[in-house]
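Chain IDs A, B, C, D, E and F follow the sequence of writing; residue 1 opens each chain.
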């Protein structure tokens, strides 16, 4: 899989790259986007969706990054753990917050399997 | 797998049940604990760990429940989704917060697979 | 998905059913096999592979069932947890063994995510 | 884990290697088979099953490789993504096909979690 | 989680429902959409993305549904397996095609774990 | 993520390191513990839980390591596969045992997806 650099990109891909750099106030494009650029439709759709989903709302941007990181650690996605750890740190994640996050992620993965293995029926009050 | 009711529980199990009810200010014991009671050592260890991990710290209790829920949805654990949705609601999760949470969870699960399938190399700056 | 009963089965499917009943000394065919019977090639291949893989060898049949159950709980496969819990019980799994099994499964699922999230590099001595 | 080279292989393993090379019209044996060769029974059984499952039938060989790749990306199996990307390319997968495949894989992983998290009940008509 | 019926839906939600019914030439709205309607932004974004991703392109609609089903079976998502089995059947999936699909899905899940457990290094030619 | 060496560790972390080295009769601390040391509370809790869960009981220590390895291979956790392969080997896992273990793990992952995809209903006798 080739990473598409700006110099080699089609106008369609460059438009997304330009938007990423403008919105993020950076001149750096992550490898994730350079890989998706092999499929410009997915590049554009993913970039648009990410902006909608990660925008501040009821949840602040740091909390959203922590949730992203929790999912990525659960799935064991090395790239995503690395890039969203960096993003979360930029948004204020300290070492102590990371520690608490991972403790919850570990615990949830443990009890998820205890609940499955013991075949615990859902309590009526939770239905 | 039998659910162990208070009346049928050993003193060791009753001690944990009593502690759960006292700390949570309720007279209700979830099926999860009644199932774990089949193995009193796991019941006690899990209850003690959960208290440590879910205690307020750098992250507030609601944020910790949201992370728990994000992991449970990623793993497709029906019991855990149901019980932690209830717990999160008790701690202030609104319909709008749940919607944003699930949007991030869905997006992270999508991009985790895009990163894996495209075999995106980790950027040097994220290492 | 229709479950194929013996009376409605083709000769090819009946031959597998007969072999299952003879080898397992039972007149009962699990729903799993009745579902696979919709694809006789998969039915036959799976039955033959299961016999090879689950046969006593360096590991005894109970240990193999425990491993099967550990994987099934990790994947949250309700059918497989139910059927392999029954199979393991038939081969000697007690309540105490089940408790220890699930404790290890839970713990492994927890530390798997801690290792991923903390991005722990593999020690040279483990390579 | 040692990779077993042809020169060091037992007659039983060599027979499988010979069959792989003959059927695939190549003199190259993938690392996957060289690793499985540490357990000759699993090597043989896996090679035989793969041939049955991947043979042209109702689905053509390219479609089967795409499905293999979809599963491998979902599981985040780096080796499998790399080897089945190569196999699919050999069977006609273009960059455009790969892009569409990954878009579906990403989307399915997203909606799988939305369905789980929202606890959507199965419609009667889908039962 | 409440399912939002058309009669109770906001104009924003009704607009999506109307579009689903018009495009799919049906008067039936799946429970999946009725659940997502609790978060209109996610409802709209998901519906728009699904249309882009599942549209005929290099891959035909049936092949895309098979890939969706492969991912859903790998993740054990009951709702998604049920709904996409129905969708695939509508697009031409026969019992025989389903059997071949599931055989590949099962095999890929097996060899994914063999590759991981044996820690098979990626062949240079696959890099 | 920094690995915390003994020389740089706080007294709280050193106490755990000392205990690990004493109990395991070694002067080597795995990278896993050096990473968790960034969060001393998780380091201590995880070390205490591991000792309880992995202690000999109804199941012997080798069997518990095999179960740990089965889960780690299912989750594709590279670090955990490497470290628990080493631990299992120390406790008596031979090449032949590893082969049988992985055969069961592979098979279980295959049939877990067949059961899910075919939507096999749980037999009454397994409930």
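The criterion applied here is as follows: a contact is a pair of C-beta atoms (placed from the backbone, for glycine too) under 8 Å apart; a residue touches a chain by one contact, two chains touch by 3 or more.
Note that the coordinates shown come from a computational prediction; the quantities given were computed from them, not determined experimentally.
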Ask   = What's the fewest number of moves from chain B to chain E, given that each move must go to a chain touching the current one?
value = 1
Request  = Kindly list the shared contact partners of chain B and chain C, in label order.
outcome  = A, D, E, F
Key: Pair from B-C, C-D or C-F with over half of its contact pairs in common with B-E   = B-C
Task = Return the chain whose centre of C-alpha atoms lies at maximal distance from the corresponding centre of chain A.
result = C
Remark   = When A-E and C-E are ranked by contacting C-beta pairs, first place goes to C-E
Task = Please work out the Cα centroid separation of chain B and chain D, and write it as a whole number of Å.
result = 34
Ask   = From the C-alpha centre of chain B to that of chain F, how far is it in Å?
value = 21
Averaged-CA centre spacing for the pair chain F and chain A, given as whole angstrom = 27
Remark   = Residues of chain B that touch two or more other chains sit at 38, 41-42, 45-46, 49, 52-53, 74-78, 82, 85, 96, 100-103, 105-107, 109-112, 114, 116, 118-119
Message = Building nodes from the protein chains and edges from chain pairs that touch, which of line, ring, star, complete or other describes the result?
response = complete
Request  = Can you check the complex and tell me which residues of chain E touch chain C?
outcome  = 76, 95-96, 98-100, 102-103, 106
Ask   = Which positions of chain A touch chain E when the two form their complex?
value = 41, 45, 49, 52-53
Task = Within their complex, state which residues of chain C touch chain F.
result = 1, 3, 28, 30-32, 35-36, 38, 42, 46, 49-50, 52-54, 57-59, 63-64, 66-68, 70-72, 74-75, 77-80, 82-83, 85-86, 94, 96-97, 100-101, 103-105, 107-112, 114-116, 118-123, 125-127
Query = Considering the complex alone, what residue numbers of chain D touch chain F?
reply = 38-39, 41-42, 45-46, 75-77
Inquiry  = List the residues on chain A that touch chain C in their complex, please.
reply    = 69, 73-74, 76, 78, 81-82, 85, 101-102, 105-107, 109-114, 116-119
